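Once you scroll down, you'll see the structures, which are given as structure tokens.
In the two complexes below, chain A is the common chain; its partner is chain B in one and chain C in the other.
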Partner chain A sequence: MHIPDGFINAPVSIAAGAASLGALAASARRVSEELAERAAPLAGLVAAFVFAAQMLNFPVAAGTSGHLLGGVLAAVLVGPWTGAICIALVLFVQALVFADGGLSALGLNVVNMAVIGALGGYVVFRALRGALPRTRSGVVVASGVAAGISVVLAAIGFWVEYALGGTVGVDLGTVFGAMVGVHLLIGIGEGVITALTVGAVMSVRPDLVHGARDLVPSAAPARSGAPSGG
Partner chain B sequence: MSGAHAHALYYHEHSPVHRAPAACKLAAHLAFVLIVVATPREAVWAFGAYAVLLVLVGSLARLPLGFALPRLAVELPFVAFALILPFIASGERIEVGGLALSRDGLWGAWNILAKGTLGVGASVIVAATTTLPELVHGLERLRLPRVFTQMAAFMVRYLDVIADELRRMRLARTARAYDPRWLWQARAIAASAGALFIRSFERGERVWLAMVSRGYEGSMPAVGPGAIEARWWVASLAVPGAAGVVCVLAWIGLR
Partner chain C sequence: MRTSRSTVGMFVIGGLLVALGLAVFASPYASSSPDGLERVAIDRGFAEAASDHALADSPLADYGVRGIDDPRLSTGLSGLVGVLITFGIGLVLFGLLRRSRELGRGGPSSRDGASASAPGASAPA
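Right, the complex of A and B next:
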């Protein structure tokens, strides 16, 4: 559910576009430093993973289902900069290939989901990790709670954009209440699935979880083999 | 993925719009939607003119009318928001069919529906006439950072591979009678997501090693057609050009 063309006025859309280009350029620089010449294939494959993970429906209640957004999941698994780039790549492809989200609103969507959702969510994750014990379950809990909070933060980001450039005079308090209320519920699902997914990766390849690198001695040999499952 | 790297919205045809370089189409697309967004909502005729422009380009591309309609579903949550706007917006009320609706809210709903629909229409025309490699090449032409466009190239190349992997996992879960209805039954889905991440990451490493063994040094050689002829730019930018004239007239008309 991405912002379409015309929902937010042109000046705010253009400002968000400029801001997102700046954030992407900075992230791209960090990613090429971190991954060196592996950057393109690895980040590209992780972006394809995020895209697929967003198609993964999980049950919510009584047969209804939701789907993953994946901002904090990507940031915890591969690092905040690569994670933000991957979310932005997914948004680009969705806007250009699937007509999902307006091209003029692409900057707004990147700010909400890549900058606030992935980068901001990772800041929350680090803060939580500092407060929780330095254990594997600490990482799992921190990623889940951060994922839930990041969804609400992204909704607040949308609300700020709406307050600045929304095109109609609806009471801002009403919009805030509705957005935050709905996204609190979405955030619970996002948090649970993110925590379970991080836990699943931690149990097989803890060395691949960027947000838990301090728990894994870098000299330890990586366990080989992917988990079974189809 | 077929040889032409077609995607869900691609519509195979031979037309000038299909042949136009992706960079021209993307630039025209962006300029067009920005102009549409900047148009005052009270100038109803202007949105009719934009729609006529889109239909003209669509017929030049030989897209069947109605091809775009199913894609309009992506803006449904915002349509719902637009539909409740006249009831919740503040300001002066007017009587419409026995209901007291907000004048501001009605204009706001019209604004979102008209601009959002034109935006989806433009997106569908560009997506229907451009293959994935052309899109990535076009982004590169438009001077997006090369790191970014190369990641995009790998992403679109492996999108279907990863999505197929996910489909096989879902099939495997279903074959084992997994039919969750509640959030606390979702562990197997999360385990699939975790396994999918590991497989994607390891595939990325294998791809990289295979490329290194073939002499890859961190960037792909530039491929694709050479310089873009000026006539393509003129033809493509004529569309947002015409829209720009409409937009200016709409603003003048309001004075």
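Right, the complex of A and C next:
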């Protein structure tokens, strides 16, 4: 899913860069509302975990692989705004240290995986939670399904970018079908990994799952936060 | 209070060990087939448009450590470095973003409490 340099022309890449900067700035302003005191290491952990998971390509069809994108996973664990910044951080490290994902395509990749993947995926997660029972299983199922959908939405994001600024003329209809088809398969893997991971954290520390706050009474009261030491 | 500093710390350390385990020991066995986008680009005829990465000669390019010939060791070590770099930057970045609110607004008694209030619960639009 990491777009290399050369696929998308300069104007569309620059526009995506501007859009991603705007979205990240808006997200950054909301981190302090979303992330509890003392929780900065938790957000760092989520980013590090997504980085690790993105190295684990799994086979989805003959000669094709996919890996976790992690947007919904991050958003459910630490909140959508913080989650979007986690994913953007992973993309920056990958592009700047590991030469994965083109430098000129960084904005495009942030749009697809952080903005659509984390922020958009979290909207899907909230909608699914509203339709499902208010239980821990409901959170896990909503996480998995939203994660799968978010991968297809990110793939469609790429298609829109290619339709606007693709450098090689191809039949857009077949590209759409191919992108959605293969990312439906990858989305199944994304959904399974996300559900397993959210389920694991829920079983150990449900109070640390942002998307399940309403189920954990001890996390709700505003007074519980103040540490004695400072 | 259950959510004391130390128990969050233990969770983070445990989670970091899991991430390191995945990046170091599992990543060498990951599929090396083209991913979904690469597959579509190959099949639909725009893969050739990709140009070389500007940093393709960097020491950790393509998730390997230059100079280490054993491919599994090379991949695993690059994963180790990547997880630690990402965690380290995240720690600093989110620490700063957490504090920026208090610095920016400087309201009375902004020292505590703000984090647990409502706005975070709403979905982004």
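Basically, the second predicted complex is superposed on the first by the 195 of 230 C-alpha atoms of A that agree within 3 Å, B and C clash if a C-alpha of one lies under 4 Å from a C-alpha of the other, contacts with A are read in each partner's own complex, and residues count from 1 in each chain.
Definition applied: a contact is a pair of C-beta atoms (placed from the backbone, for glycine too) under 8 Å apart; a residue touches a chain by one contact, two chains touch by 3 or more.
Remember, it's a predicted structure, so these values are computed and weren't measured experimentally.
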**Request:** Would you sort A:79 into first (chain B), second (chain C), both or neither based on which partner it touches?
**Result:** second
**Message:** Tell me the contact category for A:33 with respect to chain B and chain C: first, second, both or neither.
**Reply:** second
**Asked** Now for A:213: first (chain B), second (chain C), both, or neither, which partner does it touch?
**Response** second
**Prompt:** Which holds for A:13: it touches chain B only (first), chain C only (second), both, or neither?
**Reply:** first
**Prompt:** Is A:60 contacted by the first partner chain B, the second partner chain C, both or neither?
**Reply:** both
**Request:** Please indicate which partner A:183 is in contact with in the superposed arrangement: first for chain B, second for chain C, both, or neither.
**Result:** second
**Asked** After superposition on the shared chain, which partner residues are touched by A:155: those of chain B (first), chain C (second), both, or neither?
**Response** second
**Item:** Shared chain A surface residues [contacts with chain B and with chain C]
**Value:** 1-7, 28, 31-32, 36-49, 51-53, 55-56, 58-61, 63, 85, 89-90, 93, 95-100, 102-103, 167-168, 170-171, 174, 204-205, 208, 226-227, 230
**Request:** Please name which positions on chain A make contact with chain B in the complex.
**Result:** 1-7, 9-10, 13-14, 24-25, 28-29, 31-32, 36-49, 51-53, 55-56, 58-63, 68, 73, 77-78, 85, 89-90, 92-93, 95-105, 167-171, 174, 188-189, 192-193, 196-201, 204-205, 208, 226-227, 229-230
**chain C residues within the chain A interface of the complex** = 1-5, 7-9, 11-12, 15-16, 18-20, 22-23, 26-27, 30-37, 39-41, 43-46, 48-56, 58, 60-63, 75, 78-79, 81-91, 93-95, 97-102, 111-117, 119-121, 123-125
**Complete:** chain B contacts chain A in the complex at 7-9, 26, 29-30, 33-34, 36-38, 41, 71, 74-75, 77-78, 85, 88-91, 104-105, 107-109, 111-112, 114-116, 118-120, 122-124, 126-127, 132, 135, 139, 145, 147-148, 150-159, 161-163, 165-166, 168-169, 171-173, 180-187, 189-205, 207-208, 211-212, 216-220
**Complete:** Note: in the complex, chain A contacts chain C through residues 1-7, 28, 30-49, 51-53, 55-61, 63-67, 79-82, 85-86, 89-90, 93-100, 102-103, 119, 122-123, 126, 155, 158, 162, 166-168, 170-171, 174-175, 178-179, 182-183, 185-186, 204-205, 207-208, 210, 213-214, 218-227, 230
